[in-house]
């Protein structure tokens, strides 16, 4: 089928390739004219026949503006898919605005990163049945082969919600491996830390794709000496904990993983300055000057 | 090759089957005469030709006594393997006692649970090169096929150490999924929670063997309604956190997972009674009578 | 000076008493006519001479509606104080709406609970200098004697913000004592747990007002046997963690205290059901039926 | 009464002063001859009349050796008090060894730090009734005036156990304040952070001695700019969490406070290196070179 695709970066560009390989007609638009198939949003929409399906795959910060620009160019019966990392709570209002124009809206959480082009992209989508159905051939081609890798999780917002939780879990999984890694690194018992991780790739309870990636990283740099222990966070981890707070869900593990990322970006810790100050006050413990 | 195998329970029994299928001659001993190949430890040792390899696969609580009983029956040049969940710190003293008799000692952490017979058992072993080499044909047949699933992690104790960390990581991984599960269950956005987990099995960052198992559990009972939220812990989780404390490794995630298991077994929380008492004292907040 | 006081519950009623004792003229309004000094909001405002100061001390859920009702009855030059537990982020928009009518707004975080009437109420206020000054005689009489117990923390919102952090800290402090209490209760070493807490009231690093209250509670019920370990949360704890997330502040302790309250209110834990399901799947570990 | 006091450092020296002011005859021994009242342990014991009470107040690392040296110099009926920060589990074996010689043993947890000389030292003691009674006049003079500040918590080990839990709680209390401090520091709402802490000293739920000390520290350095966020830990925090693990007590708050200290001493975090490596592997996220 025909698809308009806005945003041809690391994710969008690869998705265009995968969809074309599957026989779809993809018209892509990007601000970078060298990779764009259209000169403007107007031009893009002009090249598509109604009813159109337009996939928006731009950074979360500009998604809202892009859709607002897009809406007046579309017609009743068209469907917009937001495949970016929007907060699930933005989906409802957006769907309402588009719905007033007769335009459908589907939110699609997309996982797979740089590996998706080859392995397929896992898709978690939310929206009305008819809008999801309209885009289904696209979903079928993007997802990995087989019975897994796609879910219509619920109404508008459910796709981004499921993706948000996916990423929250991802934080926790990564941190569990990371703590185990640090303990093995520090221990005087284990002499071959990369070997231990490699051995875990088959037959163990902890085997996973993330473990495979950690093994690959340790192949390249057995003590990770070339890296700084610095990690950004991209929103979903924060929203997951915010939702846990809203819904009274205990979330010790994922929140700890999130806080560890905050810590990784601090030059010094104001909290620990307060601890140092207190220890000096009551115990005369030596302080370290900054 | 020939192997003496002590303990033919859920793990040992399956291992005997897998080893025999691979062509090894396994003489098993168990307190249950119906499944035992020997009538006593004496009888077992009598049936093996020196130099012997004897694998002890009994509950952690009786490993020490079993090895003490076994030692005087063995000869210099024999090797004892402890495949149970001993604390790594027990291995050194044990190896020393056996070493004084000329008997080798290898500690083997074994992962794979009820699936090992079919998929192979991941093995993490510690000990001297020559003792590991003596048992290598057994390890080769127990481990999963391919390049993964076995590591000689270091000297005596390193095998159990690596297995301990494996289990600690396992605690954290499981709890990350569990928190995500609870949030999805509570959310009004996602209508098909089991479908979301199933979709994650391919193409996502969170795909893993544990995820496959959770999907299988949700297939059987989509809301886990038949289960109580109760979990035992078997030692390795506790030892992992103890080691983190000894080695000054921050371990927020694995410790939180361990504490959650403690909580799951409490009828009521003394700590939360103290909180309730305090809130009543300063704010006149209503208390709930026990 | 003259003060209009809306809400004469546990807090407002005691504050009226304390202010009258200090010589102020307080006209109180409450929906309960038996304790109210005015028959309606209209009547209340009619009894005050401009420029008025009106203190709103109602449950957080009805504060917004109360102020909306109040605004058209007031005149330019009047000042409204919100002494309830509003979220700090509500203060700015509220101040703007009132400001458009020439009415000042001060947010006041109030601590002290049922002990405030006697000991004084600690006050954290936010707002413009001139509005704080207008109400200063009231603040002076409400606060404890001496140099402490009052701060003008910043512009509109700063008072509720400081009170929010106060309560977040309170969660953490209480939980630190609670964990220590539970450990002492469980230990076979310490025979006189209430005696230990009582001893800590002087000369120790952990002495505090909360400790005094815990000692008082243990005097009444040495094993807290009459209580259930159940604790509500009233908003500030959640907001504190939400702010930590917004501002990238690691907050392991206060978030753990908040999550513990969530846990205390669960009949069973969905997360731990998932753990139990997983342990059964991979290890054949026995499950407990619900 | 007469007391032998071994160790005249920051704690022991002040205790000698406080006891002498109370009219006791204290013979002190220290390796520093300038402050010592005796030339050797032999000389010290020679200067005391049996039955003797000897208080050992030396660093935890040399307590065992000091008591071993002391034992043969003493007589049946003497009592040794260990006032240092020994692990409670060392007390039982020590008491047994001394008991075989007819010598009593009391373990005394001592709180108060540099303020104890003036305010009194809070004492938590463990041991047999008759041994505690023998030293009671000393305890009476060391403790703060009034009904608080002393507890005979149980048999041998109970004193150090109670002190250990005291310090564990202290870790949690300090960290709760520290997290609140960091949030206030980061917030754009509160303009006068030291003022907020000062205001809390009266009338609030969070008032405490630690809060007073933090206020004092902020008086000296309102943004703690001169300090590094670095904190040692002295054993009791670790032991508290180890005991929580042994006794299956959930301890999220105190363990998080302990882990934060570990983090404060790391140049870089191996765990976060693993996170950075993973994020780069699956998402192509930029890494920071070390």
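Labels A, B, C and D are assigned to the chains in the order they are written; within every chain, residues are numbered from 1.
Definition applied: contacts are C-beta pairs under 8 Å (C-beta built on N, C-alpha and C of every residue); 3 or more make two chains touch, one makes a residue touch a chain.
Just so you know, these numbers come straight off a predicted model, no measurement behind them.
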Any chance you could name the chains that touch chain C and chain D both?
A, B
State the chain with the largest centre-to-centre distance from chain C, centres being mean CA positions.
B
Copies chain A and chain C touch; is their interface built from the same residue numbers (over half shared) or different ones?
same
Using the average of all C-alpha atoms in each chain as its centre, how far is it in Å between chain A and chain C?
38
Find the geometric centre of each of chain B and chain C from their Cα atoms only, then give the gap between the two centres in Å, rounded to an integer.
47
Averaged over CA atoms, how far is the centre of chain A from the centre of chain B? Could you give it in whole Å?
33
Multi-partner residues in chain D (2 or more other chains touched) are 113, 175, 177, 179, 182, 186, 205, 209-210, 244, 248-252, 256, 259-260, 263, 269, 271, 282
Complex contacts: residues of chain D adjacent to chain B
205, 238, 241-242, 244-246, 248-252, 255-256, 258-260, 262-263, 265-266, 269, 271, 282
Enumerate the contact residues on chain B facing chain C in the complex.
10, 113-115, 174-175, 177-179, 181-182, 185-186, 209-210, 213-214, 216-218, 221, 224-232, 252, 256, 260-261, 263-264, 268-285, 287-290
Chain D residues touching chain C - in the complex, by the definition given at the top:
88, 111-113, 116, 119-124, 126, 143-144, 146-155, 157-158, 161-162, 165-173, 175-177, 179-180, 182-184, 186-187, 189-192, 195-196, 198-211, 240, 243-244, 247-254, 256-257, 259-260
